[in-house]
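Every chain is named by a letter (A, B, C, D, E and F) in the order it is written, and numbering of its residues begins at 1.
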Amino acid sequence: MRPSGRTPDQLRSLSIETGFTRHAEGSCLISFGDTRVLVTASLEERLPSWLRGKGQGWVTAEYGMLPRSTHSRTNREAARGKQSGRTQEIQRLIGRSLRAGIDLKKLGERQITIDCDVLQADGGTRTASISGGWVALRLAVNKLLASGQLTEDPIISQVAAVSCGISQGVPVLDLDYAEDSTAEADANFVMMGDSRLIEVQASAEGAPYDEEGLLRLARMGCQQIFAEQKKAVA
Amino acid sequence: MRPSGRTPDQLRSLSIETGFTRHAEGSCLISFGDTRVLVTASLEERLPSWLRGKGQGWVTAEYGMLPRSTHSRTNREAARGKQSGRTQEIQRLIGRSLRAGIDLKKLGERQITIDCDVLQADGGTRTASISGGWVALRLAVNKLLASGQLTEDPIISQVAAVSCGISQGVPVLDLDYAEDSTAEADANFVMMGDSRLIEVQASAEGAPYDEEGLLRLARMGCQQIFAEQKKAVA
Amino acid sequence: MRPSGRTPDQLRSLSIETGFTRHAEGSCLISFGDTRVLVTASLEERLPSWLRGKGQGWVTAEYGMLPRSTHSRTNREAARGKQSGRTQEIQRLIGRSLRAGIDLKKLGERQITIDCDVLQADGGTRTASISGGWVALRLAVNKLLASGQLTEDPIISQVAAVSCGISQGVPVLDLDYAEDSTAEADANFVMMGDSRLIEVQASAEGAPYDEEGLLRLARMGCQQIFAEQKKAVA
Amino acid sequence: MRPSGRTPDQLRSLSIETGFTRHAEGSCLISFGDTRVLVTASLEERLPSWLRGKGQGWVTAEYGMLPRSTHSRTNREAARGKQSGRTQEIQRLIGRSLRAGIDLKKLGERQITIDCDVLQADGGTRTASISGGWVALRLAVNKLLASGQLTEDPIISQVAAVSCGISQGVPVLDLDYAEDSTAEADANFVMMGDSRLIEVQASAEGAPYDEEGLLRLARMGCQQIFAEQKKAVA
Amino acid sequence: MRPSGRTPDQLRSLSIETGFTRHAEGSCLISFGDTRVLVTASLEERLPSWLRGKGQGWVTAEYGMLPRSTHSRTNREAARGKQSGRTQEIQRLIGRSLRAGIDLKKLGERQITIDCDVLQADGGTRTASISGGWVALRLAVNKLLASGQLTEDPIISQVAAVSCGISQGVPVLDLDYAEDSTAEADANFVMMGDSRLIEVQASAEGAPYDEEGLLRLARMGCQQIFAEQKKAVA
Amino acid sequence: MRPSGRTPDQLRSLSIETGFTRHAEGSCLISFGDTRVLVTASLEERLPSWLRGKGQGWVTAEYGMLPRSTHSRTNREAARGKQSGRTQEIQRLIGRSLRAGIDLKKLGERQITIDCDVLQADGGTRTASISGGWVALRLAVNKLLASGQLTEDPIISQVAAVSCGISQGVPVLDLDYAEDSTAEADANFVMMGDSRLIEVQASAEGAPYDEEGLLRLARMGCQQIFAEQKKAVA
């Protein structure tokens, strides 16, 4: 029995509320149980200097946790004057993942920045950020298509992510904080809409690590996330 | 006629949703029209080093805007590696204001940090932060009283804040962004529950500045905010 | 009786020594009693990037305290690697105040930076900086007029500032450190030459706050400062 | 045919030169072909503050590239004033990996810091750092055992790492820079001496990703690395 | 003929005004011609952590230039967020020089910080800082002796510094900015009261460098500075 | 007798291994006894902005110590977020010294950056960096000449550096760490190939300082270094 009472292959209650904030070109509040991430997509008609004149666009991501999104208060990174290694690792992962689902040449010379801000954390904030990030990105690109700034859709595929792990010897899907902090092994999978892998990050520390079993769970989980993404952007 | 269609002495639609996040000792999402600020109060049983052993507690505040809370994206302060002068000025104001409403000796040797994170900005984020900050502080102190960690209530008074300004020659209450960016004069008032002033910050740049008229509006506005605060913490 | 023996409406001994340093386009050493601030105005024929090509100039200010301008030594901000919130708040106030007295379009595409460095602090350093800043600005603009770089005077008005407060129940003018640290309420007023208000910053913490009384004192004080400014730039 | 002429399951020429520097408690220069990393283990009889008094030790890692270890010069992180996200991600991985092979309680209240400095980069610097890091750690712990500071060996297992990838459709072992920059998929595997997995980091961007094939190659590669590690510390 | 009309062995007009600021335990405004440095000595009854419990005191120095002390405005180091290499090099030199003249054991477990802030620069700011630094240090130590906190004088010797250089083939004393920027060789000498050398820093870039000639000039210059120091502290 | 058993005028065993890393345009590993510095010269066909369009090139240097190059571990400057004053002082000295030996106009509008990374420290790291830096610079310029990018050799002179000091009353050449930390006086001399001085930095703290004797030793030492440089670049 999992601490949450879920079955091993059961996602937490998942919701994606689009338009949570009104200034961004795309936005959603994505919730996996108590994990809630506000994601916005901001379009800018300029590129970082190293990309100018290369005939392509860019998608990048930034990630942050509100100081009291966590059980005890975490210091504010802006006040400390730097982003932690964990933050940078996560925002690099989100950016790479979302770029795998878009044709940057077709996007044209513009940049879309995906901001993922964790309002409340209960495990799985990076996978929620990726899954919600795709929704915000899709909505922002839809605006470009609707306005005629783009005539061809640059988006190649949906992108979603989920965590799996071995908890008390059993492979389980979508770990919450209680499971995550005690799991023997845990892995984050990022996938395209046809289940092809984009990224795998697994940490087992020598525990029996059943890649096949976890991957099967991840595919099941991502199918549900893909379905919710579709509903959200419909 | 104001851009929003409001009368000169009309507040924007005000709502205070407590318990918006579950980890903090106190929290609320406060909205003045489209301005929405998530406020949390975090209790820590330790003090900054310069206050240790002085027989009193401390209330401090931090403020941040999500990068896309604004009309066009603002750089993330954590990524830039420092908080702007504006951010520091605002969080100092919030802290001073809330400390005016609490007896730090009665609070005992503990610290309460008020985090004010702007999810969406449409003018008046600092006054919303103060007004919501008092609610979060009240809720956190209530927990200390309920648990017996405190036996006497250290809170002396409600604290609320509102902006007023001269827009097209007319004194108006609670400016939104459209008014704020074109006002001839604007002022922020912070008040105790009995309307005594805590802080005034006014910028007129030589426009006729009718302190009496603005103060009268501010008192009207704060009465409504005090009433909403009471309902929220009831 | 005030600690300094002054009457409630008495300024400290005020002096403005122009040309204290020789490299700057304008400079003065302004003293309010033991508070001494060295102010320089530096002219640069370039603008920050966000202002280029907008057909106007800019006036900005920076503020600093020498480490031992204070009673006990304060850490050097350059060594700590950042300016404090207080410093940033003050230099933003000085810049806003001085910009209110100048027509930036008439100034043309150039920048004047006002540096206010406190050699000795005894209360009222921000108001001394503003009052001295106007002198340095006036002198620098005079050079532009004398050299023919400007043919029309962009300066609209004198600008001066003074603090007032409630000390032991009595409204008093121009608080020194001993009064400032124990005052029930204190306020800084920035005014144009015709006594119109530019900025008000007041902190009362619930004490009876007699805006009218303080404003009357501030007007008296500023009249004397305006007279000294005129003598200094004559 | 691989650019280097190697067969798909062939490691680059591997050497581990211990004692490359003389001050460190353990050190080696590890080379995988043209990738050369200088690794030192530094023992300190103190712990970070968050670990004091917990009855255990700590192993941590830092990583850096000399500015001209790369094909074109990279800015020095010390001069830029911060470590990149990539650097932080890598040093976190090295630390986690090595901690999986040691019993921190048996290590006692001391810290070992593994510094991995890349003298020359040609792909695979993070896996070389882990594999060389274990050698430096083993040597430092040997000193503690030889001196009697430890009576029981805290090291549980060898730890090694290698990269594998899909290059032109073929799974290959130990990618050099030429392969790494064009591979369809690449993965880093960290393993214990008995081939149990510690960490997997894979990036496929939707290419066919043959986890089984890559894992088989990684196990072959790590067997050779384990053998070289044993020779080096003998 | 030197640009200033001085003879080769002539110091600029030298003045040392003690007590320029009133909070510091020792202070002076030292002027070498147009070079003017405000120096303060701050006494603190605490030590940096690495010196605690070692039975000795410490003398350290910090150096800064006001932004418009220079011909054209220099960026404020506090605003840039770091001290330049030049600043750090100079303050290290000042600290080492002054420590050579004091017995740190006799000073006892306290720290004296010498702040050297350049109000106006015209060459030779580091040597003026050292020469004025000794005066401020002497005054601060005098206070400790007068109050009985010290019973034995820890000061071993006067310390002074002066620059010399080769200008148009001629060895000259005490270069001003016009000479310094065109000199073939220049050197800074720091000396004890009996002319023994503490520090030499010379830069010749291959020009004929007449150490003996320069040293002779430096000794002459320092004799005059020693005499002025004595008058100042009398 | 010196701790190392050397005679007073004996250099440590000196070796210069060119081509230690393969990416740089010039590189060497220079060893003075146990002091080992990896030096690379990186050519970039661009200039810092303040030099563009001035018809000349630039040579600059950066210096760093690996954290465990020292007897006990030193914090990594990249992790601390800034370079120490000592590091900046040293890299400024290396840059000035090498620029004295090259005609920057003849170099053309390109920059050569000399990176000096100390792998192992035993005294004299700055002088080893300068002496090795010249070798790397010479090799990089040779490439420009061989490729026809330069047709005239911009190098004017060899540049070498060595330390001398007074140890137990005796002038000695090339101090190692054991001597350096106890010497009564020590000095670094930088010279051109014809023994003309470029830089002298001496610290005597009042000890008898025999400039003539030290300079004579330095000239002897540099002659040997010049000979080794020539062999290395032959």
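What we mean here is this: a contact is a pair of C-beta atoms (placed from the backbone, for glycine too) under 8 Å apart; a residue touches a chain by one contact, two chains touch by 3 or more.
Which chain is which protein? Per UniProt: A, B, C, D, E, F = Ribonuclease PH.
None of these values were measured; they are calculated from a predicted model.
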| item | value |
| --- | --- |
| Chain-contact steps, minimal, separating subunit D from subunit A | 1 |
| Same or different residue numbers at the subunit C/subunit E copy interface, by half rule | same |
| Centroid comparison with subunit D (C-alpha atoms), farthest chain | C |
| Turn needed to bring subunit E onto subunit F - CA fit, degrees, nearest 5 | 180 |
| Centre distance in Å when subunit C and subunit F are each reduced to the mean of their C-alpha atoms | 50 |
| Multi-partner residues of subunit B (each touching 2 or more other chains) | 81-83 |
| Cyclic chain order - from subunit A, heading first toward subunit D | A, D, F, E, C, B |
| Subunit B partner contacts - residues on subunit C that touch it in the complex | 82-86, 88-89, 91-92, 96, 100, 157, 187, 192, 196-209, 211, 215 |
| Touching residues (chain side subunit B, partner subunit A) in the complex | 20-24, 27, 34, 36, 38, 40, 42, 44, 62, 64, 66-73, 76-79, 81-83, 87, 113, 115, 117, 119-121 |
